[in-house]
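To start, I am sharing the structure in question, which I have written as structure tokens.
Labels for the chains are A, B and C, by order of writing; each one numbers its residues from 1.
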Amino acid sequence: MRFLFKTDYEDDIRLFPHSGYVVSYGLLLAVLLIAPYLLSSYLMSQLVFVCIYATVGVALLILTGFTGQASLGHAAFLAIGAYTAAYLQKYNVPFPVYFLAAGLLTGCIGALVGFPALRLQGIYLVIATISFAFIVEEILARWESVTNGNEGLRVKALSLLGVTVSRDSPTFYFLCLAVLVLTIVGTLNLLRSPTGRAFVAIRDSETAARSMGVNVALYKVKSFAISAAITGFAGVLFAHKLSFISPEMFTLQLSIEFIIVILIGGTFSLHGAVLGAIFIVMIDPFLTYLKDDLPGIIAGVAATFGAGSATAGNIQSKVAAFASLNGLKGAIYGIIIMLFVLFEPLGIYGRWLKIKLFFQLFPLYKRSTFKRQKIYVKSERNR
Amino acid sequence: MSYFRAENLSLHFGGLKAVDAVSFAVEQGEILSIIGPNGAGKSSIFNLISRIYRPTSGRIFFEDRDITEEPPYDIARLGIARTFQNIELFENATVLSNLLVGRHRHSATQLWQELLFLPSVRAGEKVHRRRVEQVIEFLDLEPYRDKLISGLPYGVRKVIELARALCSEPRLILLDEPSSGLNVEETDDMSFWIRDMKSELGITVLMVEHDMSLVNRVSDRVIALNYGRVLAMGTPAEVQQHPDVVAAYLGA
Amino acid sequence: MLDFVQQLVSGVALGCVYGLIALGFVLVYKATEVVNFAQGDLMMLGGFFAFTFIGMMGLNYWIGFAGAVAAMALFGMLAERIVVRPILGYPQFSIIMATIGLGYFLRSVAGMIWGTDDFKIETPFSQGVLRVGSLVLAHDKLSVIAATVILCTLLWLFFNKTTLGTAMRASSENMLAAYYMGIPVKRVVSIVWAISAAVATCAGVLLAPITFIHSNVGLVLGLKAFPAAVLGGFGSIPGAVVGGVLIGVIESMAGFYLAEGWKDVAPYIVLLAVLLLKPEGLFGLHARKKV
């Protein structure tokens, strides 16, 4: 186990507490940079989605994880970013300009949503954000002069410095990765400065935050605006990646997926957003794999255990029928969410920390280190 | 003019008069205790000063400035810090970041500067950190610096609340039952700290307290309340012998 | 004018269904401070149970109805035991996510079992109409309104006049204190879930003549019932029904008098407006933490 002896106030401020972090994150970045030359084009495409989802995850973490304001309306922010990009692109606005404009506009709308949200708590806030998302969805479907209604909008490949960047090219992946890394660094910077601490203070006790001089309303609006702006940036990339956008892509379902990203990843650390994004994006190829290969594998296992070829074939077709049942994905989704909330409330990153601690303390690790105290008396109705 | 003044302060919840035309003044550099039975309106007065409640009538002055209409977050900016009866710490943060939130009123950096963590932000952080370290040393909190609040015992949390208030470098501090839930030794420590706050840091103290031995040890003056009204005001000895106070406590 | 009354009645009928689902939200929330996002899906499942009993097994309507309610009450207890009880006392956000997960699961499983087609339950009130002057009111709509009134009265009596109801109100105020006072809080919570699933089933069965039952109906209607509960103050039983009726009427009026597209968003716009003016809903209590 490594003990950190702090000798300078810098030790508490710097992003990487010790050299081990520099090495491991450096390695990770190196792997990510050579990934396009190693992975198949399908996996690369999934990796781009991981970057986009992780960016939204970080945005949601700022709002929900650190400021404590739940939102089930982030799909709407993503939509606003995407549509701004698509609309401005039609008028030959260059990419950097509409990229920034999308973020700025989404940020402003986020701030506008933040204002009514000031007076709302918990469940009321959740329903307000859902309502907001519904209204945005309906506007996108009806404001046909701008959004082309339910027909949707085509998004051309983006051009950067006169070069056309196709959505499958490594350059596009690097762009998404850069946006994600910048978002993470910016968020970390925020968290180690007064604004980030004010966010956390609001999450844990608004009364105390106020009595320490935090203008709670202002910081909530700031949190909404930052979160929305980041989601808007991600929306631009999302639009380019899909090359076609329509209102039914930005439904409540998507907002819930974003929440699942941070819930499964872990709501207390930025690692959670990335891990959760990997999980959510990779579950699709994983399920496809199950559908295609699992029946064969199970039949093979059955055959090795002495089942006749007829029985094995029978098993294979039954499993295949089950695996291709409609809605299996939804059921698995549901089960995964419930299992995480029930057994791994700290998410994947929490599990990683536990494993790490287990080896560091071996054999002294005890499970209760991470045990959460249940609060039966503290009502969230009065805050 | 007094340093801090409440004039005819009232707080009514419907028919209930939690605070009823209370007037008092605090002189600069003194320790004034408010005592009284449960429900006498002591904490309500604090909540009025820190603007958690809006007074039904009456005015509050601090350093010759009417602060009755100031928004709650500006009270801290004016130099008034407070602690809470039932501990309101930021549970899922470390002691250090709790204390750094106390520095909030001194931070002057803009959002965009913080996103880039410009040198000005870094310099500001170091100043905050140094101030926090002074408070940590003053209150002997060194062992807990990097601990999460949620794992700390009650007595330590109480001290951290005090520390967080001190980090904002207040000129007036409001202590809401600083000794409740503390054992004898912890209460002793608390009384030393309260006196040191006055003598070393020059902070004026207004405190609500039940423990009469603590009140007697530290207070310069005492106000006794009952049913939202002032019963008596004076030195600790005078107030304790006041017939109305005796009656209120003994229920006679 | 005639159109108006006609729209009003169908709005109220639809609103009663919303109100009944919202009632389920409120019951569970009041007792355990859990917001059950799967409430609409419980309703969907109740509808499917009733469909299985009545449409597929050919039982009498009332027997099938009662069977579905009983089965769903058990199911509600089961869901509470498995999904909710282990995480009671955790932050609200976790619990909401767990119920969202439960909803996903129920929707998909219902889709697997009953398919994704629309189903209709034949009811004794499917055909008849009531004529008042030139006004034509369908029996199915009136039956929903009547059933809602009856159910609400029963629930109100239950909560205010019986010991069990008092115990439930006590544990909703403060679970720990109720437990210390000798109230078996776990059992109370379990019963609350049973009741709320039963109420949801009533909503599902009554709904069947108005709309079809399909695996996503719970999501669609749940998302309308949710604003209803919020509008009513999310802790108030009459509030839930009033909120539901309001949402239903707004929806049906907007659908009739305003341009296409308003129908779906109008309830949410009204909701946002109400929340802006009264953040705790129309009937909510404004409680604040003591410091």
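The definition used in the following text is that a contact is a pair of C-beta atoms (placed from the backbone, for glycine too) under 8 Å apart; a residue touches a chain by one contact, two chains touch by 3 or more.
Worth saying up front: this structure is predicted, and the values here are computed from it rather than measured.
Chemist: For subunit B, which other chain has the most distant CA centre?
Modeler: C
Chemist: Taking each chain's centre as the average of its Cα atoms, which chain lies closest to the overall Cα centroid?
Modeler: Looking at where each chain's C-alpha mean falls, the closest to the middle is A.
Chemist: Nearest whole angstrom, what separates the Cα centre of subunit A from the Cα centre of subunit C?
Modeler: 31
Chemist: How many angstrom lie between the centres of subunit B and subunit C, each centre taken as the mean Cα position?
Modeler: One centre to the other, that is 47 Å.
Chemist: At what distance in angstrom does the C-alpha mean of subunit B lie from that of subunit A?
Modeler: About 41 Å, centre to centre.
Chemist: Please set out, as single numbers or ranges, the residues of subunit B touching at least two other chains.
Modeler: If we look for residues of subunit B contacting two or more partner chains, we find 52, 84, 88.
Chemist: Do you know which subunit A residues sit against two or more other chains?
Modeler: 207, in rising order.
Chemist: Tell me, which residues of subunit C touch at least two other chains?
Modeler: Residues 290-291.
Chemist: Using the touch rule from the top, collect the residues of subunit C that touch subunit A in their complex.
Modeler: For subunit C paired with subunit A, touching residues are 29, 33, 35, 83, 86-98, 100-109, 111-112, 115-116, 174-177, 179, 215, 223, 226-227, 230, 234-235, 261, 264-265, 268-269, 271-272, 275-276, 279-281, 287-291.
Chemist: In their complex, what parts of subunit B are in touch with subunit A?
Modeler: 50, 52, 71-77, 81-82, 84, 88-93, 96-97, 100-105, 107, 109, 111, 114-117, 121-122, 124-126, 128-130, 133, 150, 164, 168
Chemist: Quick one: in the complex, what on subunit A touches subunit C?
Modeler: The contact residues of subunit A facing subunit C are 64, 70, 116, 119-124, 126-128, 130-132, 134-135, 138, 141-142, 207, 252, 256, 259-260, 263, 267, 325-331, 333-338, 341-342, 345, 372, 374-377, 379-383.
Chemist: Residues of subunit A touching subunit B in their complex?
Modeler: Checking each residue of subunit A against subunit B gives 9-10, 12-13, 186, 189-190, 192-198, 200-201, 203-205, 207-216, 222, 226, 268, 373.
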